[in-house]
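Each of the next two complexes has chain A plus one more chain, namely chain B in the first and chain C in the second.
And now, the complex of A and B:
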């Protein structure tokens, strides 16, 4: 049973602080994915768990044991690097068995384990080859094999799929997930690719600028983004944002620019509050334009085949509606949009937190 | 790309051929001289075709002036310098590149500075040190007044220790030639090109620093090591000034020195050019063999690492 507890972990490089107190609890068997934009500190956090980076403040415990002062090899973890970091002069079998050979495992054990892992990953045919004689996907498998063979408590992956082409990435993604289930392991993966993150994670950790913004299942994070940042970051189509104000009775919204959104009778938010309203493009539907309603002039249309993205100019920042593919639109015509109150995400304008 | 530059080609070829002649003609002369009797060699002009005295001359050369012993000495010195230099420089480069310790950069620049101090420049102080490496210790014991107590307490003869000398010893021949900034620098540059993830992967795999050096860095440095071996072996073999200075006993003389001593041995007599040249041929043989033996590895290493 391997858990990873991260308590108030901070990291500074000299005067520059890159992690501002991260708190996380990763349970046994979880596939935790840390998602965030470039430079937000996700690799740093992962490398601190691995023991490759000193912990400036706070505590990291693996399986209940504080590992702050332990060497990587004493932490019972394995790591897969983005560029695989295979030993170029060793064969595939030697690469995979290096940790066992260092630990002076019996020759027969090593041979059996290599054969076993190679079987799981389908790389049995090129055990004698050098890394340079392998394709990217095969190298990726060897790197995973090198991690699996040690049967660690925790697997750490730093963008393991980002050097693969799109098709292979998809294939390896499913394979990674299958492997995780099969090994009954605890895995932590770092990525900036949200599709990868959503598909692999059973716990998604969204980070921004050295802080954890939200932790939850991919579904939760998508349905109820906790902050403006998460709302804007998650989702294949960027969310539309409008500035506005909740009315005194808390049942309707007036957006900057004059449009009003009604709460269909229910409480929509705290009364008299400056807010940012987020709506996903696919929660909006085109409708005849109405006075005082949300709408705009068609600016351009992106036809993606499965969906048409209609960019409407509302005289302010503009917004996007995901319309069914058979929608026919005249150029520069005026359209209104309909939205259900439950599809509105309200964020406090000052703090950016969900209301 | 095909270029037609006949004049440039011609000039280049003339220059190259001139270069080849300049290098090969002396060698050819040596070879020819080694195959004739002394009177034949001393004719003017010297014969330009091979004679049939080569075997006799080689045998005489081997017998005269203890060349066999000297070749062994040369071999010990060259191998010692080569192995020592590579071991020392790979370790120091490893320390400088992979460890954080106080005055790390100072250490690096100190090593780097010695690049400008080959043995010829520092030969006098180096000789003084080699003559009595522990003299400083004796001075220190005298100054602190510890010599008397130490001698009476332990029964050691401090004087004998202080008088210990590296003159006329293999250590004296090898050690001062071993410290090498060039090789350290070369390995450091190589290590800097090795991705950091490799070190991290090794750390996670549980490798200690020494294991990492032996299992990862050393195999990855093979090409460099082979190239350095060639260069350093020849460097050690061809040492002249230092062995000349530090050896006085005939039994410790190296082959190069032995040969030159034969030339100047009897100033009034005519040097025996035919056997001297035969000896010269014998002396050039080991470096040539090293180059020939290692060049295959050298090329292989280059081809392997290119991928």
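And now, the complex of A and C:
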């Protein structure tokens, strides 16, 4: 039962610190996805788990055993690289069996395992080919086959799908998920693609600037983003943000620019506090313009087929409403918006943390 | 898009533009080569006043002379020794420099430096180090280790010295190519092999070496040609083919018989044979060695 424990892990390159004390516990059988923008340290963290980067501070334990000083080959992990890293001079079968041959496995065992894994991945017809004779998707499968054949405790994936075109990526994503369930292994995947992250993860780890921002199921992270960064990063339509202040009674909000949002009688936040309010575009509904309410002039409309994205100019930064596709709007007309109190995400203006 | 010019309608212009290069080739390559080929079939007096066409007499003289076969034997030792040590040392240096993180450019410069030294100077340099009377290293060998080192009298010492000197110059060249080849290998391949359980030696043998094999093959061909042709200056400065013909390699013998012995016909015949030898050797390399090369495609 493989677990991965990451305790206060730090990484510096000379004076530049890229990881500031990361704590994570990944349980057996979990598909943990580390999501973050490029340069947030997510790949570095994965490579430290693999043993490809030295650990500056803290410790990493795989299955309860501290691996800080172990070579990659002693850690019982397998990794799938972004560029697949297939050995170009070896056939598909040789690529997959390389680790077994190093371990001096009997020839018959090697043949059986290669055939078995090739069967799972549907690459049995290409075993004699060289990587250059394969398509991107096929190479991806070979790279996975090379990892699977070793039956490691932990699978590490470094942006494995980002070199594939959109359609293939979707297909491989579901395949990856199916494979994970079938192998009952612990997997850690690193990506900057939130759709990929949300669809694959049992547990989503959002990282930014060398720190873990939030850990939770994709649903939790989407519903209750812990920080402003997570709120802005998660969700295919970017969240709208407004600066404002909670009223003395804690039951209403006054936004910078004059508009007010009512809490419908419920407590919506700590009284008298400077806040940033986040609202997802699909939580907003168009309504007749009202004095003192949130609203604006239609600036432009993006018709995506399933939804119309209405950009409203409120005289400040502007915001976006996801309206039903049959909405008809006049050019430059004034509209108000309605929002339910439970769809408001309040963040402390100073710290950026959820209130 | 890369601009391509089509000369279909301006053929004369195309030839005009090619003319300078063709002229240079004709004067400095084709004409001398043709001259050599012609002279190989003639006997002329030392002053070049008269010459007689003698068909294959020169070739018969060359191929029946024991000195010539000695020279072939010496060349075989010299070129294989030079090629092997230059390629291996170049590879070793490249692997070491490739591992260096800090100060890589300094090491690179230091290893490339010898290539900028002219062959004759390289020869003189090595002579100063290894001369039995005033050579610093020769002295150390004699006094420190009791080695009676004397390349001026001992044929084996002389051969060793010219091989080391010739290889020393070529190491830089090999180093540059090997380093470029090593750096072209994606890091992730090495990392994947490390995760797959391969130690450093295994990684080098099963991943790195096959991936640089096209470069190795190229360098073998180049180094053999170098040892055959471009080592004249080193031999000339160090041993002049001596002692007793121990370092009298083919290209030096061409010079010695032609310019010292003033037998231009014999010398030309040798250079023609040398050319055929090298072409043959290169063909053999392509035929038998290239099969083991793992090109990426």
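The definition used in the following text is that the second predicted complex is superposed on the first by the 355 of 355 C-alpha atoms of A that agree within 3 Å, B and C clash if a C-alpha of one lies under 4 Å from a C-alpha of the other, contacts with A are read in each partner's own complex, and residues count from 1 in each chain.
Just so we're on the same page, a residue touches a chain if its C-beta (ideal position, glycine included) is under 8 Å from a C-beta of that chain, and two chains touch if they have at least 3 such contacts.
For clarity, every value in this text was computed on a predicted model and none was experimentally measured.
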Should the superposition on chain A be reported as showing a clash between chain B and chain C, or a fit?
clash
Does the superposition put A:89 against chain B (first), chain C (second), both, or neither?
both
With both complexes overlaid on chain A, does A:241 touch chain B (first), chain C (second), both or neither?
neither
After lining up the shared chain so the two structures overlap, which partner does A:132 touch, if you call chain B first and chain C second: first, second, both or neither?
both
Quick check for you: in the superposed arrangement, does A:222 touch first (chain B), second (chain C), both or neither?
neither
A:79 in the overlay: touching chain B, chain C, both, or neither? Say first, second, both or neither.
both
Please write out, lowest number first, the residues of chain A touched by both chain B and chain C across the two complexes.
50-52, 71-73, 77-79, 81, 83, 85, 87-89, 98-99, 102-103, 132, 146, 150
Quick one: in the complex, what on chain C touches chain A?
186, 188-189, 191-199, 202, 206-207, 210-211, 294, 296-297
Spell out the residues on chain B that touch chain A in their complex, using ranges where they run on.
195, 197-198, 200-207, 211, 215-216, 219-220, 222, 307
Sites on chain A touched by chain B in the complex:
50-52, 71-73, 77-79, 81, 83, 85-89, 98-99, 102-103, 132, 146, 150
Chain A - residues contacting chain C, complex:
50-52, 71-73, 77-79, 81-83, 85, 87-89, 98-99, 102-103, 132, 146, 150
